[in-house]
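Consider the two complexes below, in which chain A is the common component and chain B and chain C are the respective partners.
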Partner chain A sequence: MFRYLTHRIGTALLTVWITTIAVAMLIHIVPGDPVQIMYAQSQGTTPEQLEEIRTRLGLNEPIWVQYGMFVSRIVQGDFGQTIRGNQPVLDLLIGRLPNTLLLASVSLVIAALVGVVFGFFAAYKRGTAVDTGLMITALIGVSMPHFWLGLILLFVFAVNLAWLPVAGEDWRSLVLPAITLGVANAGIIARLTRSSMIDILNQDFVRTARAKGLHKGTILYRHVLMAGLIPVVTMLGLQFTYMLGGAIVVENVFAWNGIGRLAIQAIFQRDYPLIQGFILIFACLVVTVSLIMDLLYAVLDPRVRLS
Partner chain B sequence: MSLQTASVTGGTSSETMLKLKQFMSNRGAVLGLVIVMTLIVVALFAPMIAPYDPQMMGAGRRLQPPSFAYPFGTDEFGRDLYSRVIYGSRLTLLIAAIAVGIALAVGLTIGLIGGYAGGWTERVVMRLVDVVFSFTETLIALAAVAILGPSLKNAMIAVGIATMPFYARICYSTVLVEKNKPYFEATVAAGAGHARILFLHLLPNILPTMVVVATLGVSTAILAAAGLSFLGLGAQPPSPEWGWMLSAGRDYFSRAPWMMIVPGVAIAITVLGFNLLGDGVREILDPRQTNRR
Partner chain C sequence: MRKHTSRMLQAFLGGVAMIGLTASASASEIVWARYGDSDTLDPHASTTTLSMQSWRQIYDTLLAFDESGMPRPNMAKSVEVSEDGMTVVFVLNEGLTCHDGTPFDSADVKYTFDRALSEDKPSITKSAWGPISGVSTPDATTIEVTFEKPFGAFVPFMADPFSSMICDSNEAFGDEFGSTKAVGTGPWKLSEWTKGDRIVLEANETYTNYGHPTENKGRPFADKLIIRTVPEAQTRLAGLKTGELDIIEPPLEDVPSIKDDPSMTLHIAEATGQDVFFEFTISRPPFNDERVRRAVAHAVDVDMALDIGFEGLVQREKCPIAAGVFGNDQDFCAQHLAEYDPEKAKALLAEAGYGPDNPIDVTMMTWTGGGRERILQIFQNQLSQVGIKTEIEIMDIGTLNARVKQENEKTEGKATFDMMGWSWYDPDILYQLWHSPGAYSGYNSPELDAMLEDMRSTVDTEARLEIVKKVNAYLLEKAIHVPLYTPGWMWLYVTSADVEGFTIGAFDQPLLMDVKVAE
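Right after this comes the complex of A and B.
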């Protein structure tokens, strides 16, 4: 257990470290002169001023010095200022983060509920028309671009029927983006649940339980559902990171003020400090989520706990 | 079916026949194959099928609803959407081919090196792959587009890089399996050089598996690239790329809903086709799955 813990935390730290290198180098990989690109919009910047900005950003130092400066700034919580509006990057990102986390979490709950119910019933009715129908629905869900589903929902329920607001900050504006992201990912969970449940249904202990004359409902819910959910729960951690990735697109469909919307704006405005901050924060988020999920899994599963 | 057919046939060439039969008995997989083949035919013969030039403004009046003359209606410039969707299939297939091609080429090289070299090289290379894999595809693709700048070409590269770890990991584990086979030991014992082992012995044995694996990745690549174009980070106007068309259509949703519905359906059917095909292929690769029915 201890070895697993140190190994897992070590991997997470390594990932974050590699990310800082990649993010610090980002400004050098960009084709062309980033300073010129960033400040091209502000007319009349003289070459002397550009040179001064370059010195200020440390772009004239050797690369390893720049990396050292970058890391020491990051560690102190200084992610720099945005090009547009000169706002502190970290404050901006932290301010938007709760919205993204809220969207991803609610979507995960929706995806898990819908996916497990679909998958469970498909497995229970396996080989019948119900099974086929449910699995075709799941496959269509997996194949649909979720930004498209989002737009359709937006125009039907917010624009035409006006049941929900088109954009906003309250829970009512969360409904459609969360359904979009949830339904889009429910298909994967449904398919996994089904195959896991069918595996369990074919196992000896289920036959034994049936032979003992246990009530059908008891067998299904206590034995099959509980055992069949283990791989599904394991998968949820990975799903959550997908949700965070998917949130970037969905936020832009619904004008939901999360970090994904901010990131796309930053890319369009070539606001490199903001892009760097976004990648770093998002990477840390993904690493943290998968670390927590793995540790949680290790605590729950005796095979990992005792190894 | 398997037992009887297997006893009657048997042998390596009929093993292929058996797999083919298994594939053909999967209705979903056959439907997927039909969708994909149709798409390829449509893309190849686009100029013959499309009634109008996809870029011709004023082919019809603006924002016309679907009709006999314009089966999918027209857009805000009076371009025929039916022709645009048909030409868009070329872009979709091109995106799929290039993005998957990049991912496959890079993933194959990394997996091959990692699996063959062993030791420190293996650890460093595969750990790096894990790092890239641990970020979501979306983040990697966004970072790549942020660096390269928005364009269709860069979106394809971005998606290729973002999906590469999937191929690298599978290639790596395939190499590990091959390394334990007698022919490999024989080649090493015969004193073959690294290049000879890698390119003449390992690669030909791994390539078929990897090409089959690539069919599983096509739908992911198409969806990711369409997503980038939708955000404005991929294909640029006036390209008839489906993701971009969908994005352009949202401004006209109330007046011309078909502008947004048509490209979305096109993407969904294409991805569905590749998903069905991929499921069929996966079932053959992993026989354990077939017993689950």
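Right after this comes the complex of A and C.
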């Protein structure tokens, strides 16, 4: 268990470290003079101001010095100021992060509930029309672009039925974006749950349980569902990180004030400090979630701990 | 059990529906949704239209633009430029008050100037303020600005949101200023700013409008103004339909149906100063040859392209400085512009040595959005008819800006030209674009430099107008800056039928003092 833990944490730290290198070099990968690109829309910027910004960002130093400067700033919690508006990057990101986490969490709950129920029933009724119907629905869910589904829901529930607001920041405004993001991911979970359940249903221990004369419900719930959910739980972790990505699109459609929308804006405006901060925070988040999932997996499945 | 669930579901949906209905905008509240948020509320720290539009609500300016874009007295009841152009004196109206209740006087004006021109943290538009050598305040209502050399663009600058007057009480806020605090003298007071989501403003009870072109001379008619960020255009339109939003920027593709919809009104900004134009990479053939540049201008039927592409939403622009800016004169510019004439285009190309045996193959670039791709496709077709083969490249505006400069700095490679857009409140824009080295290191010549310097340092209106015309004629005849249309971006607004009194001031600055929102 100790080796498993240290290995996982080590991998996580390595990932974050590689990300810092990539992020620090980001500014040099884009062709052209980065400062000129950043300030291309600022009509009043003088060459002296541009030079000052180059100095401030350390762009005149050798690359390894630049990386050192970057890392030493980051570890002190200084993510710099945004190019547009001169706001502290970390404050902006931290201010928006809870909104995105909330959206992704609620969506995950929706995805898990819908996905597991669909998958479980499809497995239970495998080979029947119910199974086919559920799996086609799941496939539709997976294939529908977030953007399109979001707009459809918006026009049906906000414009035509007027049940929910179009956009905003309270819990009512969370409903549509969470369903959009949740439904699309529920499809994947449903398919995974189904195959995992079918796998379990064919196992010897299920047959044994049935032979012992256990109640059908008990078998399905205690033996099949519990065992079949192990791969699903790991998948949920992965799904959560996907959802953070999907949130970028959904946040734009529903004007949900999350970190993804901030990122899109930063990318369009070439606000490098903000883009760098976003990637770092996002990477840390994904790494943390994966780590938690790995640990959870170990708790759920003793075979992982032992190997 | 099943019944119970369905009743619960009904109750839930019923509750949701009720809350949904009560959430619509109240009578005295204006909700204005834009695609993005302001970068900052500090008028010295951004140059985006999105930021400037919010400053316009919170702050006021010494002068104000009238409908046609000319500066008029506003907070300052008079402005006097000395004959040599070295001194400008403003006299303030009596009784101006900051949002925090402190009186606004010449000390606040001086504070604003000092802050913008400071050594350690100047305004990012510092150069646009001009070569100012000193600001003095002989008394509480008089401000005297002196210059190292005359600067013709100073007076209109005092009407632009870049020169928003900042109350000196903001000094106490330190870094909070522009972020959570912003004390101005404008029609709306800052109540709360949730970055990326909404700026909540309240009517300034003591506001007096001295110079803005709205009917309301007192406090705004509405009690509250909420400037929201809704990035997706379809979502904004949906919000307008449900009554959640009152004023929006529409999706361009929906404009025809919006025009026919009696429940909404389309507004088109005028005198925006936005100029969409062709410019060419002159560091290598073929566009280093004036004849080829003129051939491109002769080859495109701009009127037809605009008819198809915009259906009357934009105007043909014939001057390098767009409608709304000092010196814009369509008739004068038409005399110097290379108008649509494909035969002439072919003849010029043949003269320059291009034709079927030596065809021209170029890249034509522009930036994303605003219906520009469609326009370029029409131009592409028209250019092919005179034998110019073009490949279209569409990119983000930041990339385009950098790319154009790079192309101008290269002496080898495929020929390029681009459809660019700039907006400014004064012909000084031409100095920034075409005085060597120029914003894009593009065309420059000693004679053009001399004319532009002359334009900058001339303060007499008549004399300045003559020079502006000369510069326009030069740019048009040499096909350096080929104007196409105006406005070009963020120029359309849609209000719901409940809204009346919506005014768009010059340079795309919505003025909301007159707006009333019906129940």
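By our rule, the second predicted complex is superposed on the first by the 305 of 307 C-alpha atoms of A that agree within 3 Å, B and C clash if a C-alpha of one lies under 4 Å from a C-alpha of the other, contacts with A are read in each partner's own complex, and residues count from 1 in each chain.
The rule is short, and it goes like this: a residue touches a chain if its C-beta (ideal position, glycine included) is under 8 Å from a C-beta of that chain, and two chains touch if they have at least 3 such contacts.
Everything numeric here is computed off the predicted structure, so don't read it as measured data.
**Q** Now for A:Arg84: first (chain B), second (chain C), both, or neither, which partner does it touch?
**A** In the superposition, A:Arg84 contacts chain C only.
**Q** Given the touch rule stated above, what does A:Asn257 touch, chain B (first), chain C (second), both, or neither?
**A** A:Asn257 sits against chain C, while chain B stays out of touch.
**Q** In the superposed arrangement, which partner chain does A:Phe268 touch: chain B (first), chain C (second), both, or neither?
**A** Both chain B and chain C are touched by A:Phe268.
**Q** Contact-wise, after the overlay, does A:Ser290 reach chain B, chain C, both or neither (first, second, both, neither)?
**A** Once the two structures are laid over each other on A, A:Ser290 reaches chain B alone.
**Q** In the overlaid three-chain picture, which partner chain does A:Met235 touch, first (chain B) or second (chain C), both, or neither?
**A** It touches nothing on chain B or chain C.
**Q** Between chain B (first) and chain C (second), which does A:Leu220 come into contact with in this model arrangement: first, second, both, or neither?
**A** The answer is neither, since A:Leu220 touches no partner chain.
**Q** Just to be sure I read the superposition right, which of the two partners does A:Phe155 touch: chain B = first, chain C = second, or both, or neither?
**A** So A:Phe155 meets both chain B and chain C here.
**Q** Have a look at where A:Met144 lands relative to chain B and chain C in the superposition and call it first, second, both or neither.
**A** The answer is first: A:Met144 touches chain B but not chain C.
**Q** Do any residues of chain A touch both chain B and chain C, and if so, which are they?
**A** Looking at chain A, the two contact sets intersect at 151, 155, 159, 252, 264, 268.
**Q** If we count contacts the way the header does, which residues on chain B are in touch with chain A in the complex?
**A** Contacts found on chain B: 28, 127-128, 130-131, 134-139, 142-143, 145-150, 219, 223, 226-227, 230-233, 243, 246, 250, 253-254, 257, 260-261, 264, 267-269, 271-272, 275-276, 289, 292-293.
**Q** Which residues of chain C touch chain A in their complex?
**A** Residues 13, 16-17, 19-21, 23, 36-40, 42, 45-48, 51, 123-128, 162, 178-179, 194-198, 228-232, 234-235, 238-239, 241-242, 244-245, 396-403, 405-406, 422, 424, 432, 439.
**Q** Considering only the defined contacts, which chain A positions touch chain C in the complex?
**A** 32-33, 36-38, 40-46, 49, 82, 84-87, 92, 95-96, 151, 154-155, 158-159, 161-169, 172, 175, 252-255, 257, 261-262, 264-265, 268-270
**Q** Taking the complex as given, what residues does chain A use to touch chain B?
**A** It is residues 11, 14-15, 18-19, 22, 26, 29-31, 126-127, 139-140, 142-145, 147-148, 151-152, 155, 159-160, 195, 198-199, 241-242, 244-246, 248-249, 252, 263-264, 266-268, 275, 279, 282-283, 286-287, 290 of chain A that touch chain B.
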